[in-house]
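Below is one structure; the comments refer to it alone.
For reference, chains read A, B and C in written order, and residue numbers begin at 1 within each chain.
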Amino acid sequence: MTSIQAEEEIVKTMEDKRKKEQSLFRKLIKNRLAAFGLIVIFLLIITAIFAPLIATHNPNTMDVTKALLGVGEQGYLLGTDNFGRDIFSRIVYGSRISLIVGIAAVLFGAVIGSLLGVVAGYFGGKLDSVIMRFMDGLFAFPFILLAITLMTVLGQGLINVIIAIGIANVPGFARVVRGQVLGVKESEFIEVTRSLGAKHRRIIFQHVLPNSLAPIIVYATMSVAGAIISEAALSFLGLGVQPPTASWGSILKDGKDFLVLNPNMATFSGLSILITVLSINLFGDGLRDALDPKMKV
Amino acid sequence: MTEAILKVRNLTKHFHLDSPIPFKKSDQSVKAVDGVSFDVFQGETLGVVGESGCGKSTMARLVNQLIAPTKGTVELNGENLVDMNKERLRVFRKTIQMVFQDPFASLDPRKTVGELIAEPLVIHKIGNKTSRKERVKELLEVVGLRGSHSGRYPHEFSGGQRQRINIARALALNPDVIICDEPVSALDVSVQAQVINLLKKLQKDFNLTYIFISHDLNVVRYMCDRIAVMYLGKIVEMGTYKEIYEDSKHPYTRALLSSIPKESPNEVKERIILSGSVPSPINPPSGCHFHERCPFAMEICKIKSPKLIDVGNGHQSSCHLLELENNPLEAIPTKKKEEELKCH
Amino acid sequence: MSDMLLTVENLEVQFRSGSTLTKAVNGVSFSLNRKENIGIVGESGSGKSVTATSLLRLIPDPPGKITGGKIIFEDKDLLKLSDKAMRKIRGNEISMIFQDPSTSLNPVYTVGNQIVESIKTHQHLNRKEAKEKAVHMLELVGIPEARKRFSMYPHEFSGGMRQRVMIAIALACNPKLLIADEPTTALDVTVQAQILNLMKDLQHSIDTSIIMITHDLGVIWETCDKVLVMYAGNVVESGTVQEIYDNPLHPYTWGLLDSQITESVSSEEELSTIPGSPPDLSLDISGCPFAARCPFAEEICLKKTPEMIEAAEGHFTACHFQTKEHRLDRKEEKVDDRSNIKS
């Protein structure tokens, strides 16, 4: 039949067109800043994984005789801190803490926040009001105070840092996801699925969530940067990971007392935070542009 | 005619408006559908026409229980769907399916065509993976696409093809009744004709019953056996397509028909141009909702709402003019009268 | 020739997005006399709206660009004018009404304010005079209680009323040309009848030519003198409305006319259709753009783009098989099997 042939033709031309269109990754790479961000993030992950191979010294070995050395002195790439520990190695190991806390805390916040957001947005009504007012309350609570309270209750430690920062991330995700779900919920295909007799669980997990994913991913990426800063801030206040474990925030904190004598400690740990956060944000921006529905996903 | 497969009685939906004062229930409500009753017979197509805001889409969603009605009953094969428990309703959903207007918005962009068409089967736990795959292939071929297309995503198809996919999905459960909510109004003319032909063919092949909702009077005339004309939540006239198009007894239907654009540059059309547009359903006019725009409005129309009166041949109309001895509407020529004149 | 208001020659418009280049309008030519109405009919993606918007140079750039042709409006080539000179023409000598009346008015200003603004941009009137003129325009387009409605906001108007306001704004400066881009598509049938009636009435009282863009042939029969049939960025046929209806020549026009559902189509017979969908304009099309869907297509159609020829006086068409010497027969048995074409 000719009509079948014609249909086939349309599908073929559509396919040709698809091939011409660029994949998400291509679009990302084309954006130079995003590509830069991606490369830095990649290097950072490599550094964290292979920290023992990259570090030139044991990050926790103290040698007071070699305290506060300058850049490059006696084979210490970035000098030493007040206890004579190699700053370069401490920063390399610190990247582990930053990445673990950044990713784990955001995951924690994303899972709980998204669930709450989906439920609030999808079912609406009283449930929505209760959940979102609670989130508003959480938002209004000063983060540092929240963290201090939690640390006091739970005690210090990596896991507790993750939980504290994770909880602080929950309301943000809940809001983003709820807003997204409110939009997707009104789509005709959701009504279609309801008319087929599907249960809520199926509609939420098969249709609503997958279609809300793009902004969640972008928000999560940006949140990792925020979580890394939060971790540094907590460590700076002495609420973070226990010493002597190296973390960028704690190196910065130690460095602030020796800012005049030896600015290397504060400078290099601060620079690490700066470059990491900047790269993640650049990457996140690029990701958002690439995922923008107006530019075709 | 055979037994009615679907009996709708006094179907009503009032949407309550949010009150401007918080925590206080508003007493304002929109009477989106207001006491609608009709029967649909096995194998026929019932057309529902009306302008935007007349409640035709809400009515469709009330019939298949996507929205719970405020009042009234919907009997499918003798069982009332209203107030039916959830599980039983899920079973009944199989027999009544829906095709929506927008071929772009009605397909989840993140699922393949195969997954979309198989979804009703998965929901109702019919068959296993292989049998579903077979069924999807078969359905795609039924609607004029290739079975090999099942792995593709909706955006790889044109508007007309997507509407075919929607139809395939609606057919998956072998339904008795399909409600088509403006299925062709988003399509181009040439593609529209393809989809209408397909719907007609499927009706014959599978003995389907359609409720066909549209604002396009020509499409409705072509598709439907019987037609219901809605205005502000009420059916104002109902009858076979011949009766409605050739011998309408309601001034609103007459006006609707006369506003169909010309068929050719030579045609001279006597138009009843209505003033204004459909009033807000929040505060509908008193009495007959149409009286403010009706060129024949009388005093009684402002006070009393007319009832649907049987005028013969299964043709019902609700207009106070029908109670008059010399109905001014009868003076206006209709197709039927023209033909009668020709015969004499 | 002083009767000539607008001549468009070989207009080409392209859109670029990333690496894809879409040839939305591909060499469109037509001319329009004073007080004449021309209709442009076509399916979505045929380039009819793009043609109209490019007459006012309102194509968003990027991604769009007018890449060739001439638009001669009263001896001026609009494509060569400066932006400033172009602004003087927009809304003053040529104005436009759009499809969706609910989004083309600014919701934060009163309706009257918006008409006054457009009047004051082009005419040297003080606020009071401009207001009088605006009220007059509202009365002209049939808005009851115009003085009261003047200070109301767009959301207090119905769709049909908003479209009337748009028409009032468009006609406020007595334009010589009014471009109406699907002005009734978003409206209900009874309201559509009102608006079309209004446009016809107004034309008798104001000397304005209209370019009516629509997908609905019925609207063309109602309002136009001449018609352009567009397909895939090309004009495939043009002529007077009467000619096109009585004696259409291009197979696409036949398909379009045949697939209309009108009162004379019996519900017993199957609707005739054009198989397939319009081509994707971002891909290179060689030959006649309609060849892939044309039941009469032969090898030449896939290779050579047909030229516009004058098949009868004032009636142009672009088809290899419609010449003065040789004609295709519309009722000819359609060749359903296109296997004779090598693609």
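Simple rule for what comes next: a residue touches a chain if its C-beta (ideal position, glycine included) is under 8 Å from a C-beta of that chain, and two chains touch if they have at least 3 such contacts.
Predicted model only: the values in this text are computed from it and were never measured.
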B-C versus A-B: which interface comes out with more C-beta contact pairs?
B-C
Among the chains here, which has the CA centroid at the largest distance from chain C's centroid?
A
Centroid of chain A to centroid of chain C, CA atoms only: how many Å?
51
Counting in whole Å, what is the centre-to-centre distance of chain B and chain C, each centre being its mean C-alpha position?
31
Which whole number of Å gives the spacing of the CA centres of chain A and chain B?
50
So which stretches of chain A touch two or more other chains?
3, 7, 10, 14
Where in chain B do residues touch two or more of the other chains?
158, 161, 194
Going by residue number, chain C touches two or more other chains at 273, 275, 277
List of chain B residues in touch with chain C within their complex
51-52, 158-161, 188-194, 196-197, 200, 215-219, 221-223, 241, 245, 255-256, 258-267, 271, 273-278
Chain B residues within the chain A interface of the complex
64, 66, 89-90, 93-94, 97-98, 100-102, 105-111, 119-120, 123-124, 144-146, 149, 152, 155-158, 161, 166, 169, 194
So in the complex, which bits of chain A are touching chain B?
3-4, 7-8, 10-11, 14-15, 18, 187-189, 191-199, 202, 206-207, 210-211, 297
Spell out the residues on chain C that touch chain B in their complex, using ranges where they run on.
43-44, 158-161, 188-194, 196-197, 215-219, 221-222, 241-242, 245, 255-256, 259-265, 267, 270-275, 277-278
